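After this come two complexes, each holding subunit A, first together with subunit B and then together with subunit C.
Up next is the complex of A and B:
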């Protein structure tokens, strides 16, 4: 499970694909940790190509959100499928993590 | 007409791939809407991974999974020989309204199962946990 990155307006975009489940969540966490430097000030996790996520994957996103908050960086997720958005809502994650429809919208929001 | 899918998995994480592949095939065959396959996959993973992580002290054990579809409902039965665990009463209840700093992931998996399924029943029988999940197949 890999994480690719690119930079847009000083925001780090991290992207992964496929399933994030109990079998590969640890791998996802390691890849995400390696991709995010402690000097980052704004990070967007792009979930457009993610087809499935379970609580094991949500845990990684929560830990990432917490660690970015500690380093005073902004964090958002974008491009969630309908099912993943529902999981976010049921988990109450949409109350603590900014969710945007598109990558550009997320990058714009983090600029301010 | 009812159809059935039976799976036997060992208590190791890489078995999850086999479970999800079997559900995807079953869903395709039965022409399920996409979100239903997602829901079923999720509920199964959350229950099964709990058994894998906390059910036993040592060794590999087997978990039986039986999916039965009736005309308008799907029943999922999960049977394991792990220590007694009733997710309806024994799982921590997550605070889904806590602020980010206080947010904890414990119990979230079972919370998702309860929210996504229409009915969840637990029985302890003959030294085994039997969890039955029911969801509607209405499109």
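Up next is the complex of A and C:
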């Protein structure tokens, strides 16, 4: 479960792909932790290429959101497929984590 | 395995003992080796039986009473984990091959080159150390697996298996656990005034942390359910309690409803769980509206909105976890909500046990050869028709 990163303005974009489930959630967490430096001020997790996310995967995103909150950094996810958006809605995560349709929209939102 | 290592030297030459002690004296004094001596195979077996801390055997081949090759066959019967090094005449390939085939770890040749012997002994001991560590890890793993199996049994044993049936309702629930200790549970709470609490929940992730979180959720939920009653407030209180020392970022989705058997009213609140299905007598079904509640344990101070509906006589409320709708087939498709609704188009939900079994059967048939990756849990309540 790799996480690739790039930078857009002052925002770190982290991206991964495939399924995030109980089998690779730990690996995803380690990769995400390694990718996000404690000096980051804004992070967007791009889920465009993610086909499925289980509750174990949601937990990793929640942990990331919480630790970024502690370092006063902004966090958002973007480009969710319909089924992943549904998982966010059912679990209520869309109310505590900012969800944006596109990467640009997320980066713009985090600027403010 | 730690020094000093105990080495059993087997040789009928009486001169070997003082020679060995003399040539190895530095290593003996440094506390690395200790030596035990025997003059033939019979004596060697006696030593091995007396002293269970012998780490390796260094044995000659030609000896009276029992030779080295026979000894090699006997050692595993005393301790299969002892390694042997054989001492042979230079060029005696036939005996060396026989010894190796009988399980000798290595060989050295006469006359003994003590520097080479030291290397051979150390190589054997280092192999023994690794071997014993591997054995001990395997034992620990087996013990851990056994403990996990016990944990999994405990977890399943707390689920209700007997369902008290009311005058005008019937309940049935069951869980098909995935291989690991998992995080689903359901519960039925009978309250004083005849009201019935129905809970279904799914903890994020699997394994022991999830199981512990699940156990505490269940206990808290039951306590709050009996103490408060009101579903929205119950979830609110459980959320506070779970969130308090939850550094691991675990969360649990919970649907909790209270059924009033007198008028069929079902009051419910939803903490991030899949919407239950209301199935009508004609086989049609609708999902309960989402109440926008967030999974429990995520954030303190969250409100959980309560709603209520009335079950018409013959209606069934069907609670389930995402192990049902996210079960995959060999093509990687999910079972989904539509297939769940289709099950009830053909099966009467009046009998909640039959409804459960029909859903499990449909999921299993759909999944085919795909291994089950998540717990599958269902809980149904039917209001009797008259």
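Throughout what follows, the second predicted complex is superposed on the first by the 112 of 112 C-alpha atoms of A that agree within 3 Å, B and C clash if a C-alpha of one lies under 4 Å from a C-alpha of the other, contacts with A are read in each partner's own complex, and residues count from 1 in each chain.
Quick note on the criterion: a contact is a pair of C-beta atoms (placed from the backbone, for glycine too) under 8 Å apart; a residue touches a chain by one contact, two chains touch by 3 or more.
What you are looking at is a predicted structure, and each value in this text was computed from that prediction instead of being measured.
Chemist: Between subunit B and subunit C, positioned on subunit A by superposition, is the outcome a clash or a fit?
Modeler: By the criteria stated at the top, subunit C and subunit B clash after superposition.
Chemist: Would you sort A:54 into first (subunit B), second (subunit C), both or neither based on which partner it touches?
Modeler: both
Chemist: Just checking: does A:82 make contact with subunit B only, subunit C only, both, or neither of them? Give me first, second, both or neither.
Modeler: In the superposition, A:82 contacts subunit B only.
Chemist: Can A:69 be said to touch subunit B (first), subunit C (second), both, or neither?
Modeler: The first partner, subunit B, only.
Chemist: After fitting the two complexes on their shared chain A, where does subunit C collide with subunit B, if the options are 129-137, 273-281 or 345-353?
Modeler: 273-281
Chemist: Going by the contact definition given at the top, which residues of subunit A touch subunit B in one complex and subunit C in the other?
Modeler: Comparing the two interfaces on subunit A, one with subunit B and one with subunit C, the shared residues are 21-23, 52, 54-56, 58-59, 62, 66, 83, 90-92, 95-96.
Chemist: Inside the complex, what are the residues of subunit B that reach subunit A?
Modeler: Residues 13-14, 16-17, 20, 34-35, 38-39, 41-42, 45-46, 49, 52, 94, 96-101, 103, 105, 108-109, 111-112, 115-116.
Chemist: Spell out the residues on subunit A that touch subunit C in their complex, using ranges where they run on.
Modeler: Touch list, subunit A to subunit C: 21-23, 25, 52, 54-56, 58-59, 62-63, 66, 83, 89-93, 95-96.
Chemist: Help me check something: in the complex, which residues belonging to subunit C touch subunit A?
Modeler: So the residues of subunit C touching subunit A come out as 180, 183, 202-206, 249-251, 253, 271-275, 290, 292-295, 298-299, 322, 326, 334, 373-374.
Chemist: Okay, in this complex, where on subunit A does subunit B touch?
Modeler: 19, 21-23, 52, 54-56, 58-59, 62, 65-66, 69, 82-83, 86-87, 90-92, 95-97
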